[in-house]
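Below: one structure in structure tokens.
Chain nomenclature is as follows: A, B and C, assigned in order of appearance, with residue numbering initiated at 1 for each chain independently.
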Amino acid sequence: MIQTNKTVYRKFLLILGVIALFFLPLAVTNPYVMYVINLILIYTLLALGLDLIVGYTGQVSVGHGAFFGIGAYVAAILSKNLGFSFWVNLPLSIILTALIGFIIGFIGLKLIEEYLVMATLAFGTIIWLVFLNWTDLTGGPMGIAGITPPPPIKIGTFEFVFFQYQDYYPLLLLFVFLGILVTRLIIRSGFGRACTAIRDDELAAQSMGIPVFKTKVIMFTISAAFCGAAGALYAHFLRVVSPETFTFSMSVTILTMVMIGGQGSIAGAVIGASILTVSSEALRETPELRMIIYGFLIVVMIMFFPKGIMGLFQLVKRRLQKRTIQTPETTPEKEGLSYEH
Amino acid sequence: MFVDQLINGIVLGSIYALMAIGYTMVWNVLRFINFAHGEVYMGGAFVSLYLLLLDTPIWLAYLGGVCAGAFLGYLMEKVVYMRMRKAPKLNLLIAAIGISIVLQNVAQYIWGATPERLNSPFLSKNFTIADMEINQHYVFIIILTILVMIVLELFMNRTLMGKAVQAASQDINATQLMGINANKIISITFAIGSAVGALAGILVGPVFLVYPTMGVFAGLKGFTASVMGGMGNIPGAMIAGLLLGIIESFAAGFISSGYRDAVAMVILLFILLVRPQGIFGKIIQQKV
Amino acid sequence: MHSKKLVVKKMVMFLVLAFLLVGCSAKNSSTGSSNSASGDTLRVGLQAPMTGDNAQYGQDMKNGVELAFKKINSEGGINGKKLELIVGDDKATPSEAVAVVNKMINNDRVKAIIGGYNSSPTLASQEVSGPAKVLHLNMGASPDLSKTKNPYLFRVILTGSVYVPAVMNYMAKEKNVKKIAAIFENTDYGITMYDAAKQSTKDLGVDFITAEKYNPGDKNFSAQLSKIKTLKPDAVMVVGLYNEVALIEQQAKQAGLNVQFFSPDDSMYSEQLIKLGGDAVENHIFASMIDLNANTPQMKEFKALAEKNNVPAQANTAIAFDAAMAIAKALEKGGGNADKDRDALANIDISGITGPIKFDKNGDRSNTPMIMQVQNGTFKVIKDSE
């Protein structure tokens, strides 16, 4: 009885929190802060997407910055050349990015571990060079400016406009919640469990009858689709895209967000995206120092807390519970002994 | 035009070959890709540049840069990688990326982002051979690269230390059982690979300038060459490096210079998918 | 199941917490800024590349603006208010420029922005500063200001359509050049300059035999140069910044391409060109709006000021100094009202280091450039402005 009361109470709090988040712009008057928060939301979507393939399926990609770029450039090109609105561009961006994700996944996922990392790296670099050199379509180094903001929506007497940052925020928040919902649905489904099985032991998963390659490719495609959505949202938010945003370092940034937050955890993706975005904006005045700290943070985290902040949380929680309950979420660490080969 | 591109290709290829050696040697003993290797290339060039500013003789400045590069590689291994021997490969990879971000920005913090030219006694002179002009510094690069390759080959096959490194690359655990200090072998491997990488950076400095992010693409190319040659295969890496430089130069000259860097990436993808053991082959890591 | 709920709850809590944290810290800084802004300082932003390949330009511009502000502040400031400089690093890229201009306007509440240096970032960032009604005095050569329809956008340097004919005329008439090969940066700047150069060829009887492009940051030009070499041009026009100009000419000499090199504008007018290019950039010809050896009282005053503050007197330092003086003058007259500031800048008429500062209805200056050449490692005027 007490238990159910507690869960009801928790659910209530959760819903309250979610609703409260939508009204955040009322409390924040500084447009720059709103801008940073919006960036966090876009990065959260990216981290969620990458986590699907890295954290839940155990396949590492350092090419997701390119998927982000494809999403952004598709939206930008459609908006600029054909005058399409955001509402048309978004689904088209997602579909096209997913399609390219599918092709890349289909070609690349036959490779394992380092070889997959190399292949995604090569792919990401090629896409970036295409953004940089296909001047007729992408504007080359100049990028594409003057992308239109999403047109307003009218529901009854309410009109939602998306011109300023605080107007754009609920839209982004909606997509982040949608992303979280989709992620939860996937990882709780049989398909999601197949993915975690592949992550934990690929051979065992295969012997259990899981179609390993097919599962990986589908997850990779979904993961790319997340980045495509983030890209379209980014293009219509910043209203300018240029190639240097989508270099290798973008892919690394997203991966770092996932690693620092903690792989295989929704909360981890949110935390990683928040920390990295806020710290990089806060250190904007000292750009060299920012990157030094940033790199240092990556090395220290990966050396001493390889499971990220969520891993740390769980460790602390388990200590507090004095090992009364074995939390089911702990995943066995994949031992990659470097001395064995 | 054809000969021009061929010469450019051979010069570039020499640099890639030198870079590839570092990747392939580290792969041999630790089975991982040291993504921070490009930073050794940059670090060596910067130290040389700095030494030249202090009025050091050129040969000493170059040598100092090479030593600094070797030390940087040694340090990387001792401070970070050695503590991560049991960690998954992905973690090592991310640590390497972190190191390279730190080093790039430390360089920028100390020396600034503006590209600087490293001095070379040969740069402003050309040889003229039958209507063809060849820059002396280019010749210097090629000669030095050949020299390094010969020395490295002798070291690996004729010295006890080199043989220990070779043994370690076959089975590091067994090597340790034989009474060879595995950590020492790993350190030596890092130092040698890094010294060669730093030399590449120093040789390039007079032509393509020295700046904090110079190692990024050089690293990618060197790494592509090491995959092309077959990971772990040192002579393979050298030949593949040369090949890559030549292919790239011709592609840039006859197709499009904007896609120069894409050529290496396309080759990398192709090799990975079609012939992951590289053109010249070498046993790759078996899945446990 | 239970623990997952916990995680989600924690996540929501963290989100709220993180956002509050950001909100607080930023609010602190913004209240701090509004306090000081309403008190005794006026903030002006500098949008320039402070890191990356073009960092030298950013540093020069920062030096210039700081010199001007120091001078103004020591003379009592503007209407009793001191000028404060907020530096924003645009990394010479469009998306970073938008981000940084955004921050300067919304968080630091700057009244005006000087910069950027590169054309494409300026074109992107003026879409933020325009609607926010913030004066934007840029140093990019290419954007056609009338096309932006932004009344708050001005330009302190000359336009491509003024620079290019001057140098083309000189090359055709004095150097008797007939066949020109062009190599230009594949950006708004390079493309505009090349198009302007092509326009002027018809009357002069010269021809562009090839147009090679490169991307900003490229270091290897051997492919383009050996193509140009086979075509045997009389001269090569390089549109680029000092890094690229120095490298291109160096690599051209290495490849045995020994012809006259020239540039349509003064964006490579920097000591750094000589430092990087050495002998290879000797005899390089370009059109310039400023001569650092000019014998004018403004130039003398500027050089004395630079020496006193231990700042190298570079061309871009001087131009940025002029920009800062013009902005200060406009802010003084307009008194902080966005529209009045704009009108004051539009009708400004002062004499700066770079000659009279006046803007036409597009926000451009109409001074005529001079022709300069690198001789013995120094920049010499070889033809005065008309």
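Methods note: a contact is a pair of C-beta atoms (placed from the backbone, for glycine too) under 8 Å apart; a residue touches a chain by one contact, two chains touch by 3 or more.
Note that the structure is a prediction, hence the values are computed from the model and not measured.
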Chain-level touch network, classified as line, ring, star, complete or other: complete
Chain located farthest away, centre of chain B as origin (C-alpha): C
Approximate Å spacing (C-alpha centroids) for the pair chain A, chain C: 36
Gap in Å, rounded to a whole number, between the CA centres of chain B and chain A: 33
Chain B: positions in contact with at least two other chains: 108, 258
Two or more partner chains touched - positions in chain C: 51, 186, 215
Shared-contact residues (touching 2 or more other chains) in chain A: 132-133, 288
Chain A partner contacts - residues on chain B that touch it in the complex: 30-33, 80, 83-95, 97-106, 108-109, 171-173, 216, 220, 223-224, 227, 256, 258-259, 261-262, 265-266, 268-269, 272-273, 276, 285-288
Of chain C, residues touching chain B in the complex: 51-53, 55-56, 186, 212-215, 218-224, 226-227, 229-230, 243, 246-247, 250-251, 253-256, 272, 275-276, 278-280
Residue ranges of chain A in contact with chain B within the complex: 60, 107-108, 110-115, 117-119, 121-123, 125-126, 129-130, 132-133, 203, 248, 252, 255-256, 259, 288-289, 291-292, 294-299, 302-303, 306, 333-341
Touching residues (chain side chain B, partner chain C) in the complex: 1, 4-5, 8, 12, 108, 112-117, 123-124, 126, 132-133, 135, 137-138, 207-209, 211, 214, 249, 252-253, 257-258, 260
Of all residues in chain C, those that touch chain A in their complex: 2-5, 7-16, 18-19, 21-23, 25-27, 30, 50-51, 89, 91, 93-96, 98-100, 102-103, 106-107, 120, 123-124, 127, 185-188, 215-216
